[in-house]
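Given below, in the form of structure tokens, are the structures.
Shared between the two complexes below is subunit A, which has subunit B as its partner in the first and subunit C in the second.
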Partner chain A sequence: MLWDTDPWKELDRMRQEIDGILGRTHHGISRRFPPINIYDAGDDIVVSAELPGMSKDQVNVTYSDGVLTLAGERRDPERALEGYSMLRQERPVGRFEKSFEIPTKIDPGKISARFRSGIMTINLAKAEEAKPKTIPITVA
Partner chain B sequence: MRSLIPWIRGGRRSTPAGMGTETWLDSPDWGWSRLEQMPTLDVSEDEKRVTVRMEVPGLSKDDLRVTWENGSLKVSGEKREVRGQKRRYRECSYGYFSRSVPLGKDLDWKSAKATCRDGVLTISLDKTPAGREAVSVKVD
Partner chain C sequence: MSAKLEKRDQAAVKTTAAEQMAESGPAYSPDVDIYASDDGLYLLVDLPGVEKGDVQINIDEDNTLTVRARNSETEPGEALIRQFRVGNYYRAFRIGDEFDKEKVSGTLENGVLELRVPRREEAKPKRIEITA
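Presenting the complex of A and B:
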């Protein structure tokens, strides 16, 4: 193989890009929502997701078979108020579901999440065999 | 839309329908690479006031600067990534941003109230008596 990426995954990624450009999909709001970052913190994989205006009970986080899914619905209750009108609307509202593969083997029993200033941070502990190891070298 | 000359990366462009100008400064791996990734905002109104809600996940009030000039509200700040972990994947945007929203002169800027909660900056301004009047336009 010339490159080591899975062509099907690559196709799926392209489809997601196109969905993103088109803005909306039949899944609700853009597949791009929420934007995420993934970090390697040594013993943990850390995922941060930007979910401004939401609280922890409005987002459902699930992990299954190496795939992390963030799902929920973002509402703006004020939009429904009487005598209220939107002059400009850029913030996405509606249902969303975003799944992505976690690149490392993790321990499904050790996942924790916290929510602060509209950012959800999810800590996934790496499986014992995936943790970086220090091999002591004995100098003879 | 990127400048080819690295030291003047970034730029200014008018958005359609006179909805204001956005300035963004970007760098190859560090910044708001596209206009669509600027902090998104909603503008709404009711009889008494106009409210702007901008998404600023991870930012606190000390990171933001809100100014009013000639009927335009300007919000600027810097969104910084928490460093120290090895980043594997990134969708979130960082860097300096500045967005200006023309709201018209019939608002009392002295009444402006701004709060920052759950990653959403909310600014509301009272309408002046002139701004509250609904103007009916005669159609010939």
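Presenting the complex of A and C:
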């Protein structure tokens, strides 16, 4: 790796990197929010997103042309506010929109989503041609 | 065994899910917001995947407040993209003597734990009315 010759620039880069690790930017919510995992579950592709504190009517999920998008806004609880001063804030809050490509051909008519304990799980059924096939072989 | 039955069994033997998890695998540090007022502390802890009954809150004699939680999320297959790890949670804080250890209360909703740690009555600031 090449080091930048300007130490201040380098420090700035390191600061940005640390901000990234801490999941925060200076412009509100991190682009990392919400973190998502994508799984290959045989006949389905499963996307799970960590959205603690949110419920299903607060997140918009859309699928178009192989791209899945999650959008919404995560807010601070309103009661936290009067008479309270903030000592520490690590939980990301703010508007977010996150899109990612689904790595397998799927059937757009067979997408379902559910919410449980702050985790959203989206099931996308693979297109027939993308499903794993078991070919029975008859031994003569 | 159904998840419901499993939880009831754990309660019966006084071994909480959170205690069991302390011995199994790594625990991740959850994101926390902390607010303070004259009445006490108010903490919000992100515990995605955790169900009611799977959180253990403890304050020991050194005034260390610990939160342990068991994540019941399971991974449905091979991960193609991974931005978060699925595992249990652990976080500890030191709190001052002015808080009332006996009166800590918490609620868990949608994977967020709200904790209230009240100040002792004698530690609360007093407003003195000047009447004359």
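Before moving on, here are some points about what is shown:
In the analysis below, the second predicted complex is superposed on the first by the 108 of 140 C-alpha atoms of A that agree within 3 Å, B and C clash if a C-alpha of one lies under 4 Å from a C-alpha of the other, contacts with A are read in each partner's own complex, and residues count from 1 in each chain.
Going forward, contacts are C-beta pairs under 8 Å (C-beta built on N, C-alpha and C of every residue); 3 or more make two chains touch, one makes a residue touch a chain.
Quantities reported herein were computed from a predicted structural model and do not represent experimental measurements.
Superposition of the two structures on subunit A shows subunit C clashing with subunit B. After overlaying the two complexes on the shared chain, residue contacts for A:39 are found with subunit B and with subunit C alike. When the two complexes are overlaid on their common chain A, residue A:140 makes contact with neither subunit B nor subunit C.
When the shared chain is aligned, subunit B and subunit C each come close enough to touch A:83.
Look at A:118: by the touch rule set out above, it reaches both subunit B and subunit C. In the superposition on chain A, A:52 makes contact with both subunit B and subunit C.
By the touch criterion defined above, A:103 lies against subunit B and subunit C together after alignment on the C-alpha atoms of chain A. Applying the stated touch rule to the two superposed structures, the overlap between the subunit B and subunit C interfaces on subunit A comprises residues 32, 35-41, 46, 48, 50-55, 76, 83-92, 103, 117-119.
In the complex of the two chains, the subunit A residues touching subunit B come out as 32, 35-41, 46, 48, 50-55, 76, 78-79, 81, 83-92, 103, 117-119.
Within the complex formed with subunit C, the residues of subunit A that make contact are 23, 32, 35-42, 44-46, 48, 50-55, 76-77, 80, 83-92, 100, 103, 115-119, 121. Interface of subunit B with subunit A (complex): residues 19, 40-47, 50-51, 53, 55-60, 81, 85-93, 101, 118-120.
Chain contact summary for the complex, subunit C toward subunit A: residues 31-39, 42, 44, 46-51, 72-73, 75-84, 86, 109-112, 114.
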